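Below are two complexes that have subunit A in common, paired first with subunit B and then with subunit C.
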Partner chain A sequence: MAENIIIIGGGPCGLEAAKTLRDLGYAPIILEKKQELGGHLRKWDRLFPEGVQAKQVLKELTSGLKGIEWHTSVDIETIEKSRKGYTVTLSTGVSYNSPALLLTNGFKLFPAEKKEEYGYGIYDKVITNADLEQYFAKGKDNVIKKPKTIGFVHCVGSRDEKVGNRQCSKVCCATAVKQACEMKELFPDATIYSFYMDLRLFGRNYEDMYLTAQKKYGIRYIRGRVSEVSEDIDGSLIVKAEDTLLCKPLRLKIDLLVLMTGIVPENSSASLAQQLNIELGEDGFYKPKDTILEPCMAENNGLFMAGACTGPKTIPETLSEARAAAVQIHNYLNKSWISGIL
Partner chain B sequence: MDFGYSLSKSSTMKIENLENSKFKALAKLEPDATKCIGCGCCTASCSAGVFADMSLRQILLSLQRDCQDKYLPMLQNCMLCGKCMLVCPRGINTRHLILSICKIYGIEQ
Partner chain C sequence: MRERFLVGFDPFVLPFLCGMVFVLAYCLFYLVRILAQLSAEDRKKFFKSLLLPSNALKNIRDMFLDCLIHVKLWKRNPNLGYMHSSIAFGWFMLIVIGHIETFMYVPGKAGLFYYPIFFRYFMEVDNQELKGSLLFFLMDFFLLIVLSGILLAMIKRIWRRFFGMRRTTRLSITDHIGLYSLWAIFPLRWIAEGFTAGVAGGSFMTIPINMLLKNFMSNPENFNIAWWLYSIALGTFMFALPFSRYMHIPAEILLIPMKRAGLKVYHPRKGFALAQIYTCPSCGVCIDACPMSANKQNCKDTTVYLVRQLKRNNARRMNAMSNKCLMCGKCQEVCQIGLQSYDIRMNIRERARYNIQLKHNYLASYNPDIKQAKVLYYAGCMSSLTPVIGRSIKKLLSIAKVDYTQMDEGGGICCGRPLILAGKKAEAQAMIAKNTEIIKASGASILLVSCAICYRVFKNEYKLSGIRVMHYTEYFNELIKKGKLPITKGNVRYAYHDPCDLGRGCGIYDEPREALSFVGGLAHAEKERAMSVCCGGSIGSLTLNHEDRKPIVEASISNMLYSNPDYIVTACPLCQKTFSMYSPVEVLDFAQALCNGLQEKDVN
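Then we have the complex of A and B:
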């Protein structure tokens, strides 16, 4: 009989790992806390850099699950480690055993209201990148009504010691460039500004997206972090920043402000780490055994981790890690069985 | 022969021989001096900046490049209100930093 492998988290990473493990002859069990599989991918409309439909990728990932057991709306109560592997018990009392455990519980979006000086949740016209994706997907919104001037704010909740997150979220520069172009497509008469500290367009074709944003869409890039936002008497917003390349402080009146909220550790990572007796990095993401040679393996025997739970990643990076972790689990089990450890 | 222009002093910066003992002393007194990422938040929110030139970002950079003569006088406009401290994403203790700059570079507040 095929051996069970428990996967905690049914986002892109958990789904891809489950499929690879199934193809390797195992019987994966995905435990997902939300009502549906898919993780953050469910929230996005089109994906950078080419604008592929997120729905299409989601469909691909969530179909063909034959041979994979999955449970949604689960609440993990305890995880115990024994010589034979791991026992995960849910709040319903049901428990599952497996010789290896894979953590793919992903990330959390930075809660933008925590960055009070940007006014999310206070001023109507301040929205987040996630809100904008929902608007793109649905095509309507109460706030977005023919904006004439739109601002994008990079690094919201990232690279900011004031909110306790020093790390760069990696995906939000590309998201901002993508969304700015999409907004210009929808509102050709709007003037669009993007406030950045560094444009981190690291991936293949990402720089081309930037060039397109400048050349085709005329997005105005201003190098300066937004320091504060306030509301004017007419309901429009006033943004303060310094144009650091011109060495001039500036004030800009705009109709819509989009905050690029970043990637922070998922809430459950801390409690799972505690139960499993593993370390978190200073940034709150899981710490692998070796960041270069063993990024998908924990110090503990039989424990593996992949995807955004070990730090910000794009979807292709996440999927590659998912496959890598699955193969590593396979190798680990083969070695353990041969040497009689399990 | 007159070509209509003359040789003038080069305007390029020479940074090979930065004499930075003063900056080192500053960093010793206030280690945050090396943490700036040049984001401009301090300048954008500066209470004095509305009326006069005041850019902590520019001052800090000029100190690191040892070309501060033109920039230090801006400090005279600072009211030590501490607003820059509230917005600095690197959590720099800007008030103490400004006071330390004044001390090391001999500026009277």
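Then we have the complex of A and C:
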């Protein structure tokens, strides 16, 4: 009988790893705390750089799960390490054994309410990048009604020591560029401002996206952070910022403000790390055995991790890591059988 | 009783005598120096207050209670109190009774410093008399008291918790010399008096040790060595005293009347401040109290060490330490001698030179159009960053049908406190003047402030005669009591955090609690009111970064969660913002909590 491999987290990373492991002859078990598989991908409409439909990617990932056992709405109670591997016990009392454990529990979006000066949850016309994707997917929203001026605020909860996050969330710059262009397509008459500190468009074709945003769509990029947002009597927003290139303070009236919330560790990361004795980085993400040579392996034997639980990543990066982790698990188990540990 | 020697002198008294003369000369020099450093006005004020009979009585009472009995330490921890008062009061009584004896038996020798101290050496008993044995008893009794204090002092070095202290000061070399010589003085005195107890008499302490080794101890040839050691211990202590923490013994006598005269610190290490520096006994109570020392960090930057650097005039450390401080004022609150660390640090900051040019010429062209109203509301910059607070306040004001207007809607002028805290008091005057102008022109009778930081500066630095400056906790409490706010009591429990600038800074503790008690139950924090712990976000610190502050914030939150409240409530937007970052329970602003208590029908 095929060996069970437990995967914690059923997002793109967990799904891809499960498929690879199944193809290598194992019987993976995905444990997902949410009601459905797919993770954050479910919330997104289109993906940069080409604007591929997220739905399509999701469909691809969630189909063909034959030979993979998966459980949703799962609540993990304890994880124990034994000589033979790991035992995961759920709150229902069911427990699973596995010679190796793969963590793909991903990330969560920075809760924008924490940055109170931007007024998310206080002013109606302040939304997040995730809210905007929902709008793109559904095509309607109570708040977004023909906005004339739209603002995008980069780095909300990223590179901001005031909220305790020093790290760059890596993917939001590209997302912001993508979303700004999409908004311009929907509302061609709108003026769109993007407030940024640095634009980090690192991937292939991302720079082209940015140039298109400026040339074709006329998005106005303003280097400077938004300091505070207040509401005008007519319900529109007043944004105070600084244009650091012109060395001038700015005051803009805006109809819709989109906060590009960053990527922070999933709540479960801290408790899993404690139970499994994994070291966390200062940013709260798992620390792999070696950031260059062994990015998918934990210090302790038989424990692997992939995807955004070790830091912000794009979907293709996540998927490659998922496959890499699956192969590493395979190699680890082969070696262990040969040396008779298991 | 009669004298044993005609000369009335022995060389062994020299170490003590030199030490005593040295201490007196040193103290006299510094007394003159401190008085000379005071401004002519302050000096006049000081002497005037000395001459006032009611002040003189109060001074004497304070000297007795603070210097000898250490009442404040008793309140803090009885063991700590006993330890200090047994040594101070016991020693004082030994000196007093020694003098009484000298006056009674050899009035001619009373003028000699050493005679009352070494009385037992110079005297011998001829016949037993009742009054003599009472004095003998008292001398031994107070010696026992002092010895018990010394024993506790030794225990304190290894078992601080017994005295309610987690951390204590790391002593300097001269402090160590002073400490060990102080410990040595009284056992040596006991032994020395034990030697002479056979000839000079004694009581329940000294006679038994004399009896114990009768042949050895009653031999006059052996007397001198014991008395020499006693005198050397005294002499060492005296020579170490001006350079050690024991300088607080003479200095406090000066500080008490100076404080009563109401002098102000005008320089970090001159005049009144110098008297305070010398009076610091390095007890280290401020180390535990300092919010920065959470997680055993920054202990070296607490007030007791600042005082040490001030003594050494180490400019680099002095600046670094005063810039790091959160300026919460807690050390001043717990300080046994009332060292005005806040003023001293402000004086250090005011003397620091930065290469920054501040341009305030834009102020002249700023003329906001403010509608006339009874209440002028100033939100301040922090309230703009926490929009919920402003919203809640405006809601409460409109429900109470208050005729109000906001002074800084859409941006106003800073209250000036951040500049003042950075030591730029003169530069802040430009803002203070402009704001005063705006406030006076508004015709309002009440200035309502929702930020504790702004409130403190409006209250203390502005001259707004005829206008009542009110913190919103005071104002809303009044509105509730007048029945203007339809509030109902819910069954949630609030733990109220005293913001430093509001509580210790302006003495407002009761109003917010009273108002909150109308909307819910109050849960006690472990330390509250004057003992409240700074949230850690204070703009007072110029150098602590966010990472350094994290343990401070977490320690302060755990203080608030002492009796498991449903919410933490604070009356300062900065505290609210700081706590919200790490608090496991929701942190509400005072106005938000009041809004929660509004009756349903009034919430539109």
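Quick note on the criterion: the second predicted complex is superposed on the first by the 342 of 342 C-alpha atoms of A that agree within 3 Å, B and C clash if a C-alpha of one lies under 4 Å from a C-alpha of the other, contacts with A are read in each partner's own complex, and residues count from 1 in each chain.
Here, a contact is a pair of C-beta atoms (placed from the backbone, for glycine too) under 8 Å apart; a residue touches a chain by one contact, two chains touch by 3 or more.
Bear in mind that the values here come from a model prediction, so they are computed numbers and not experimental data.
Novice: State whether subunit B and subunit C clash or fit side by side on subunit A once the two structures are superposed.
Specialist: clash
Novice: Quick check on the superposed pair: does A:117 touch subunit B, subunit C, both, or neither? Answer first, second, both or neither.
Specialist: A:117 contacts both subunit B and subunit C.
Novice: Can A:228 be said to touch subunit B (first), subunit C (second), both, or neither?
Specialist: both
Novice: Looking at the overlay, does A:197 come into contact with subunit B only (first), subunit C only (second), both, or neither?
Specialist: A:197: touches subunit B, not subunit C.
Novice: Just subunit B (first), just subunit C (second), both, or neither: which does A:241 touch?
Specialist: It touches subunit B, and subunit C stays clear.
Novice: Between subunit B (first) and subunit C (second), which, if any, makes contact with A:250: first, second, both or neither?
Specialist: Only subunit B; A:250 stays clear of subunit C.
Novice: Which partner, subunit B or subunit C, touches the larger number of subunit A residues?
Specialist: Per-residue touch count on subunit A favours B.
Novice: Going by the contact rule set out at the top, does A:162 touch subunit B (first), subunit C (second), both, or neither?
Specialist: It touches subunit B and subunit C both.
Novice: Taking the contacts subunit A makes with subunit B in one complex and with subunit C in the other, which residues are shared?
Specialist: 117, 161-162, 228, 240
Novice: Considering only the defined contacts, which subunit A positions touch subunit C in the complex?
Specialist: 114, 116-117, 119, 122-123, 161-164, 228-231, 238, 240
Novice: Enumerate the contact residues on subunit B facing subunit A in the complex.
Specialist: 37-46, 49, 55, 57-58, 86-91
Novice: Enumerate the contact residues on subunit A facing subunit B in the complex.
Specialist: Residues 117, 155, 159-162, 197, 223-228, 240-244, 247, 249-250 of subunit A touch subunit B in their complex.
Novice: In the complex of these two chains, what residues of subunit C are touching subunit A?
Specialist: Residue positions touching the partner: 384-388, 391, 410-411, 545-547, 550, 577, 580-582.
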